[in-house]
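Two complexes are shown next, each including subunit A; its partner changes from subunit B in the first to subunit C in the second.
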Partner chain A sequence: MSNVKLPVFAGLVGDFGSKNFNWDKIRQVANPEIVVAFTLFAILTFIAVFGQFIQTHDPMQGDLLKRFTPPGSEGYFLGSDHLGRDLWSRMVDGLQWSMACAMTANLLNLFIGSTLGLLAAEKPGMLRIIINQLVYTLQSFPGLVILICVVVVVGQGFTTLVMTLGLLSWVVYMRVVYAEASSLFQREYVQAARLAGVSRWSIMFGHVLPGVRASLFVIFAFHFAGLLIAESALSFLGLGAPLGVPTWGNMLAESRQYMIRAPWMLIVPAGAIVTAVVTMNLVGDGIASLSRKKGRSIDV
Partner chain B sequence: MSQTVVEVDNLSLEFLSPAGNLMALKGVSLEISKGEIVGIVGESGSGKSVTAMNLLQLLPKTKINIPSGSVSVLNKNVTEMTEEQLQVLRGAEISMIFQEPMTALNPVLKVKDQINDILFRHKKISPKEAEEISIGLLRDMKITDPFRVYESFPHELSGGMRQRVMIAMAFSCSPKLIIADEPTTALDVTVQAQILSLLKERAKKTETSVLLITHDLAVVAQLCDRVYVMYKGEFVEEGKTNQVIGSATHPYTKALLNSLPEGKTPKSRLATIEDSLTETAKESIPENKTISSINSHEIILEIINGSIEYPKDYNIFGAPISFHKAVDQVTLSLEEGKTFSLVGESGCGKTSLANSIVGLNQLSNGEIKYKGINIKDQPPEVRREIQIVFQDPQSSLDPRWPVWKIMTEPLTAEQTPTYKELRIKASELCEMVGLEPQFIDRLPHEFSGGQRQRIAIGRALSVRPKLLVLDEPTSALDVSVQAQILNLLLDLQSEFNLSYFFISHDVAVVKHISDMVAVMYQSKVVEMGEAIEVLTSPKHEYTKNLMSSVPTLEIKQ
Partner chain C sequence: MSSASEVNNNKIDKSLNKANLIGPFIPFIQQLTRLLVLLFMVTTLLFFMLRLAGDPALVLAGNDASPEQLAAIRAQYGLDKPLLIQYFNYMLNLLQGDFGRSLASGEPAMGKVLTMLPATLLIAGLAMLISILIAIPLGAWLGFKPERPDRRAVSGIIFVFQGVPGFVTALIFIQVFAVNLRLLPSLGMEWGTIEYINLFSNLSIPIPIPSKTWILPSCSLAWFLMPSLTRVVAANTSEAMREDYIRTARAGGASGKSVLWRHALPNALLGAAALIGTQFAFLMGGAVITETIFAWPGIGWLLIESTQTLDFPVVQALAFCIAILVFIVNAITELSFQFLDPRLRSKGN
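The block that comes next holds the complex of A and B.
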């Protein structure tokens, strides 16, 4: 599986679509850490996509006679919870929910953050000042606190959660794009393009955005991990997913009362969160080292 | 002169890499006696720095393989030394002067701390004694106010001053050998002359051996007793400096000397290394055929009282209150088909002026006329007749774009030509600038420095410009490549009747290529006129100083 995923990702970082793309080169740079990262990521993606086919039970249907079944017995692969629901199937549902939420919010972040970063970096002026002030304002609030405030006001649900995360946590993208694009806009090849009369949009999308692309992929992976945690934390506090929806945060919240009696109820969702977050961080590291090895340091 | 300081015997070295091993040195033998100044001359990538680094064992041991040869410094075999023993050797017995004094000095430490660091490490002395020694060293470097320099941070000093500090540090533990890796390449000519004479004087006085690594034969002629000429990892010629330069025997050394613009007829073709190394080429190269340009006497560019000011200090509301004058009241004019050169030190305002011609910044006062009309009133398509070629072809080409896309980018600004049209155009441009058209799918990093500069010139030519602003187009290149680019520029000029606005600090290049010259000093043009006249019989004090500082191949005894 790793062989399938790996080149695809490396390609996205570097010469995607170029004739110089070389599988042998990728094999040379693929160290064990990168292979592990992309294998884990592939497995998580597989579970998220084909979840329905590998669930053993209906995640919502409980069997009260089989409450607190330990993992591995009576057909419950990872045990059952206080209502006799299958933890494995619930975890798969939770993965789908979390991945979908984090992915959508992340794409929204990517779009908003890099657009504002590019616009602010292009030239000094009113636009740069306004965007920077907006960023300072957002940064002056502690991240989770502002999310909680907004969710309390606008209410729960998938869409509200995604919109809240998507519209409020793009600062990291803006910061990085702004810093890197500012230096790229000063490059001589950009100046040469300007002198030739090339339009500002062509310069942005032709020269500058491809220059920050490698960094964007790295942040995308790390930020994904951050969003997973944020989503789980909000759900745990009862502010993310509506009650009853099997998300990892909700599962953790439910397990609190039965921690001693059925520790697997805690361990399964917690383990899932840790695995997903570590995987995304490893993927981020992997992309960073791949793009470095290809001679394009991400810290330009 | 009997004692041998360094002896390298038949040393070969290869770099290990997954993509294949690279032979960097092939059987190199080198000997340096006590008090001798020895030069290694060669192009970038010829292996000269590797030779020097290997004396100090500074190359990562896991990445190299030494199939044969030995290196002994002060009669000790350094290849068998432990890291601790090497540490004693470095600094105390051998020290190094680097090319770029800004990066070689630690920016967060005062000069005081950096010199003391070396002194304390290798000598048992009190801080008081250390200060005395340091001040003495700085004074020896002809620094007029050593106490101020001693208490300064590197960024508070000028480039020349920093290099003096570096040399003082190199001499601080009275080493037996100093390795100077391109010590003056980053400096202005006038400063370079001072630094070179300082280094020579100091080395002769203390009987220190110096290994000088440079690409500049003229620097070697000024400084060295003996010289080794390096080419592709081998010493192709060695001997007394005046012998090597006066009567070179190896074809490569001859070629290197021929490619220098110094002493050649202005505007003649320079012999490139390839020309000289392939014997058949001799007939095809017309010897010293002067390339004539059409004399239309029509003025294409005029700058009238041009000044550029940059804000220096700001008040609390962010409004500028005082200005720094980068260009002060400059008036000049350029005839069509001619080359106008601007010579001056770094920071004299020549690049600011060039940028204002192409429109990258604005004049604060005065006006620039292109074809008799103020450039601001010219429509964009006329303004595009002025194009620029930057100094460093590494940073002026987008590393992610293939060559055909880079070269034809200016064409996409107005119209939207098809992919096919662009590729045909790119092939034409490649032929125009002497590149193989089949390379148009390659990325910039797959080309050498000279080829990249050709790509940059090709891009500028794509919109059929009338005037090219050339901002030090050859100073990042090796001399032999420089010769090729200068030839190309002269060919293009006669073919398309181009006008050049040429900026350089290299007097020999300017003399070779220009019709008119203006010498700039501290934001002002101090002298202007016919190139030959200004550069052979300078009138202004600064021009005289500049001309006498330029290192030449003549050996002063």
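The block that comes next holds the complex of A and C.
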């Protein structure tokens, strides 16, 4: 990804707010895949933002007389669970929790990862060695193993979960920023800026980071999917969200005892996770194919 | 990238390395140093982190223990000393290969981890094997003519599969094959033993008994690994099919199939080998959730159990073991590239 085709993509994103936003350019690059990706993403975002208005029941309030209602009957359009709570409303709550969690953690990752990547790429020295050793340490364990060890210590809850995910899974950003920025720091325009007396931080964030922007967008989408999975996996193990909070991981964990009686308790949250993850993967693929030549979206 | 002076420098470096006996081992020594620093960092961090998590004496004694009992347990395990002293004691023991004893069962911690290890290796190997057996032919088929509608449909399906997390796959497999169809068992694993008796010793070597319980865990793990591998093989194959040497072979009269199997696929597999290495390294941490769901007695399952009971000697031993395993797998992957990729072989490093 070193020579990412910036113009098309940078034009798209850069002009987004301004008046000369060019719809023709969009029509040229938008293939059906991208349209589907961004439509799905828009729907998910809509549900996440306006969730309270489209819930049909209170997600926490159960009706014990209506336990295990199959989908589509008695007003529960995705069925009800073992306490008679509406699965659709709980799924919407789960979406909000997951999106908020993944988004915040992702932004944290983006910030930490790109800062460390830039610092390590800037010049050889002690800082580079330390940062690389840190990355090496984090990489020597499967992500979930580290997360489990830390979450056990810091406890459950939204803030701790976001902080754990945010502080520990930035390696992917750092590696890409490091790889691409290393060559950018050697370019003439950076040298010129240095000679002109531009400050160190302003070179890093103002001159070098924009050159990595296209890759960062792609990683942001794929990493978002990864964080969604990590979050629901931790909740499923009973380590992430506190018990009782309607998240997809918790809903899956609850469904395990009622597999014979109410398979929809498994299918609803599983479908939600898969939809969200596939959407984010599609978005990542779409951005990647916007930022490079068309028709090569298979190899991300 | 390769200006004249750089080439010269490389030559000088190489001649220096040849003169020096340690030369060829420098990368290896560097790697080993990194591993040692890593192990030190991890044990140190984990030590302080797990002590912050809670009082192990409380876990050992239970919540309704009297203060005297707690004090006795603290004295017995050396938990009454200052934290730094405990840390130094722990590191000293570690240097002698003593990881301490499990707080839950009193067994040696490393021994406990090592007895769990074969199950993890078994499931990882099986899953990897199934995944490779499916992914390579499928990827070659997809990458041969990626623009055909049937291949586009299949790669679309594989794209969706890629978005299914491993634990969701596992749950759905249980739902379908164990609950609905009642075909396969969903839990557990059995060990048998081979008695090895001679004049001097009486060993019983544990071996896994092949059974139906292997099918669901290994298949659901393979299901999770397969899509990304297939996509990589497909992408690399289709890329290789556009290369000049393929056109040459085609022009020379080679049939489409022989071009695929003899020329394009071997190149595609190089890229896949890197991913296989990464995936296997990932599995060394134990497919934590898959093992938990299927009650598979591997190190992933042990990790969950020991973290939840704050059994920190076991967690420490686990982290140590996983780090070394990941290191070994990565080293093997890198070495195997030397054999697989002729370009690296001819460089002679």
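Heads up, the rule we're going with is that the second predicted complex is superposed on the first by the 271 of 300 C-alpha atoms of A that agree within 3 Å, B and C clash if a C-alpha of one lies under 4 Å from a C-alpha of the other, contacts with A are read in each partner's own complex, and residues count from 1 in each chain.
To be clear about the criterion, a contact is a pair of C-beta atoms (placed from the backbone, for glycine too) under 8 Å apart; a residue touches a chain by one contact, two chains touch by 3 or more.
None of the values given here were measured: they were computed from a predicted structure.
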Subunit A: partner with more touched residues, subunit B or subunit C: C
First (subunit B), second (subunit C), both or neither touched by A:G211: first
Which superposed partner A:V274 touches (first subunit B, second subunit C, both, neither): second
Which of subunit B and subunit C A:V198 touches, first, second, both or neither: first
Which of subunit B and subunit C A:Q257 touches, first, second, both or neither: neither
Partner chain(s) touched by A:A225 [first = subunit B, second = subunit C, both, neither]: second
Which of subunit B and subunit C A:Q61 touches, first, second, both or neither: neither
List of subunit A residues in touch with subunit C within their complex: 133, 136-137, 140-142, 144-145, 148-150, 152-153, 225, 229, 232-233, 236-237, 252, 255-256, 259-260, 263, 266, 270, 273-274, 277-278, 281-282, 285, 298-299
Complex contacts: residues of subunit C adjacent to subunit A: 34, 37-38, 41-42, 46, 49-50, 52-53, 146, 155, 159-160, 162-165, 167-168, 171-172, 174-175, 179-180, 231-232, 234-236, 238-239, 281-286, 288-289, 292, 303-304, 307-308, 310, 315, 319, 322-323, 326-327
Parts of subunit B lying in touch with subunit A, wherever the complex brings them together: 18, 358-360, 380, 384, 387-388, 390, 392, 395-402, 406, 409-410, 412-414, 441, 443, 445, 456, 459-460, 463
Subunit A to subunit B touching residues, read off their complex: 18-20, 28, 187-189, 191-199, 202, 206-207, 210-211, 295-296
